[in-house]
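Chain lettering (A, B, C, D, E and F) follows the sequence in which the chains are written, and residue indices restart at 1 in each chain.
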């Protein structure tokens, strides 16, 4: 299968088509709107399901197999802001606090992109390590903390006050709802193992792909409503939102290979590195770096990088990995 | 199976019994209430599921089979207001704008009635063309547009202003959430075909009948709360809300046979013709004919025609069709 | 299997672990929060599903088998307030109206505890009478009515006014949303029987355990947020909230045996007797005994008895029953 | 344009008091009311609206000044001692005097 | 601290009127608005918000006194006869005068 | 019936500012507050509440006039420059003076 075939197959999957439908709904100003509780419910379902499944997979595989690539993933997440920050600061001429905020988003990860990637792998019959969810879980927070520290260093005046908002950011990064649900469900799944899975499989696994399709319809609308902000963010951030994922995707795949993952797992590590957070990071950043402009980080991660990864990125990292592993 | 047996079997199905339970909840003033987001979520689910399934069915059957009955269905929808309007205007002595509004509702269709009918056919092991959802999709808008034009012609004074609200009505009729979801999911299903269906079947197909039962519980409450408005609408509209569906149901079945549908498909076309919209039409009409009294069109479609069709209409059209096809 | 093994197995089930995760979320002040409509939706689903299943089971078993234990269950529920009231009033020195309110809660039942128990029995492969849901349905109201009357007798001054609020309490106890849904779905299931079940099984039965796990995550948060009220209620109510369930649990199991239930059914009757209401009773009591302090009855039933039963009570009643039946 | 002075009475109370308050509104002669779910904090503890037992509702009613006084009096005697609740009144102006 | 007097116009109307009202707000020169779903009762019947056809919305807008008058006039002529709706204005004070 | 004058301060702000505002309310001495989710439009763009990042919240607090002044001052210096937000105060009357 060539890369074009891979992309085409991806574009014709229900998940991506429903995402496109959501975009169209936003662009045609249809009065379709998911009530916020439904959005929250879908998020909770997806995070708990993916976390639980990952935990069961860890119980099956044993921690021995998981810890090395997980540490590598965590490190990668923490390091990404260190080079994206100067790129934005000096390449993009962004104010320090905005550069730090955007860097935090690109070091952190998008659970939905990860989920879409596992769906894609299933669709093309590419096996993967189910415990890869652990990488997702450990990659969410570190970059946020690094980004916040970067932003504080660049703007700090009154020390005392900064410490309290740093503490708030740490609390948000570690106990905020998305990371809490994911890690919590992971631990629950790990404690339950296979017998636990047997009980809840019919709810958390069987209908999963359909729920994802419905959720991506909503995400398409959310992204579509942000499209008009693209003008405000300028061409630099637009390019950044596509080039960086490509770089980070390759880096992630390569690191996955280095730490002993199979092809499938390496692709997923690539996808994680390439993805940008739009749930956990915005919440923590808005609270601890309130002077950073949300239009920049939200538009780039939500309206540029997220759709790019869903539509094109995933099959590209797949092909990159196949080439690296062949 | 006689018509009485058919009705009895229908009345003892979970869907209809839950509808009755909802009526009872409203009449006994139970404090049971579905939160609005749940109502919206169920609506979205049902429309997307039925649309997607229909789209996959079209992909299987080929457009060649679908276009003729679909065009007939569309025409029927557009024409129904042309005779219901004078009946209401001159028979029922309704003001022009109200007659036009009610006519729009009875030309348009009710997705939930359609869905209940497919359930009924499944229950009595009557095969039907799955692509009939296409008829549902194309029948929703035309009658609304015809009704709005009728209403405008009857009441228009200031031309310019009318044009903008006519445009708003067209936008609502074509991009309003129910029609958008239905047509959108239909196209997505058509693009995905069978392989796409395999992925999301466990969410959109397997639990479908149960979700419908839950939704009809809510619809029972909604209809029940409107029962006290029955006095306000008067005996003419009450009779209208039962007689017209019977006429249109027969007409629809006959048209289905004429355009080459099998027994199951003809029944569904009958059900569509007989049903009255209570989601898409009210939204468009309230926006473009704000002088029409909602009590008339909502009570007749929601508290008369909808329950009638769910409980008695569907098995009746079924028997009519069996007689016509025998 | 010893009682400790039974408890351990229960503690490692997804349902209980998710409940614990919810507790942790509340204690770590995570910003995780289920939107209220989601809570309501899950409640509706669980009540309708359990009611429907029970109704189908009654249709299978025949009323002849059900009526005797059901009457016994009802009687037990009505009598429990008669001895818990003096215990609270004279042992715990509670004001009369508070004693009556708490007594009503412990005579009434918790549907979620019952559901968790059926899950537990399934997990340990212990068959049980599915029609036991009927006991749940008939045990909810009587204790509430008895408790309200007790409270009124103890506090009444103006006769006329009391009668109206007694009527309101009766209406709430009989048509309140939880009892209405449960009894309504039971009747629907009973009318539908097996053929109806076949249609909606994939929604109401298959994913049930997973939905329960998600719901218990929310219940853990709700209970966790009330933990700080434990100080306010004092050691007497705390002990009451654990000792009374143990007593009532044994009583219920014994009564189950007496009225001819199998082991599984007797356990469930024990669980029902041991459980304390936190949905139906608070609503009715707040309306008819507004002078009773909600902190007492809500904290004891929600933050003491509910978690105790979920984690330890259910396996204990199980072992008690096994000992009684051996 | 003629604006007529009216009173807006705002009541925030636990959800379980809503039916009783609505009945009171009808009894005192209000022609309509508006309500919505809210969260809150007060002397009787947080009401995070996680479950109905801890839910809160805000009720707003526009009425004639005399009716407003009657309403507040009834609230003070029958409701304040029993329910988690606040109530306050303010001056508003409406166009259609007869509507209220 | 300098507080500037402004008008708060509160509109409660059926959900289907919201788009038209929002458009009117923009046309009359409001710089922003806030809205939320409510339930209610009034001369045109209960609006329990069970389905969108019976949903209600409250719209609040802070604006200059003259703009408020213009807004109320337009509401009275174009909206009151057609929609289930109430509107009232009250006095508020803000810190940033230019924002409104 | 004795009515006591109080101030009602209404704050509409992005959801992410809610915790900080609530903390400020406690710090300045409010005895309670009420809040609910809203949609809105303003100088910092639409807040359709589709996801939490674009959610809005309205916070209402009744307090003593002096406390209200202190609160508004703190909002002006620490919050207005950073968050999508408006705040305004108005006069209300309550029955139980000590409650606020």
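Here is the rule we use: contacts are C-beta pairs under 8 Å (C-beta built on N, C-alpha and C of every residue); 3 or more make two chains touch, one makes a residue touch a chain.
As the structure is a computational prediction, the values presented were derived from the model and not from experiment.
*Asks:* Please identify each chain that touches chain E as well as chain F.
*Replies:* Touching chain E as well as chain F, we find D.
*Asks:* State which chains count as neighbours of chain B and simultaneously of chain E.
*Replies:* Output, common partners of chain B and chain E: nil, no chain qualifies.
*Asks:* Over half of interface residue numbers shared between chain A and chain B means same, under half means different, so which is it?
*Replies:* Interface between chain A and chain B is built from largely different residues.
*Asks:* State the chain with the largest centre-to-centre distance from chain D, centres being mean CA positions.
*Replies:* A
*Asks:* From the mean C-alpha coordinate of chain A to that of chain C, what's the distance rounded to whole Å?
*Replies:* 41
*Asks:* Between chain D and chain F, tell me the centre distance in angstrom, where each centre is the average of that chain's C-alpha atoms.
*Replies:* Computed value for the inter-centroid distance: 19 Å.
*Asks:* So which stretches of chain A touch two or more other chains?
*Replies:* 33-37, 41, 206-207, 283
*Asks:* What are the residues of chain F that contact at least two other chains?
*Replies:* Expected reply: 36-37, 90-91.
*Asks:* Check the chains against each other and report every pair that touches.
*Replies:* After working through each pair, the chains in contact turn out to be A-B, A-C, A-F, B-C, B-E, C-D, D-E, D-F, E-F.
*Asks:* Of all residues in chain B, which touch chain A in the complex?
*Replies:* Touching chain A from chain B are residues 35-37, 40-41, 44-45, 48, 52, 171-172, 175-177, 180-181, 184-185, 187-188, 191-192, 196, 199-204, 206-207, 283.
*Asks:* Going by the contact rule set out above, which residues of chain D touch chain C in the complex?
*Replies:* 14, 16-17, 19-20, 37, 45-46, 48-53, 55, 82-83
*Asks:* Mind listing the chain D positions that touch chain F in their complex?
*Replies:* Result: residues 10, 12, 36-43, 56, 58, 69, 72-73, 75-76, 80, 86-91 of chain D touch chain F.
*Asks:* State the interface residues of chain B toward chain E in the complex, per the touch definition above.
*Replies:* 33-34, 36, 39, 218, 221-222, 225, 278-279, 282-283, 286-287, 290-291, 294-295, 298
*Asks:* So in the complex, the part of chain E that touches chain F is made up of which residues?
*Replies:* Chain E reaches chain F through residues 1, 3, 6, 8, 22, 31-36, 62, 90-96, 99.
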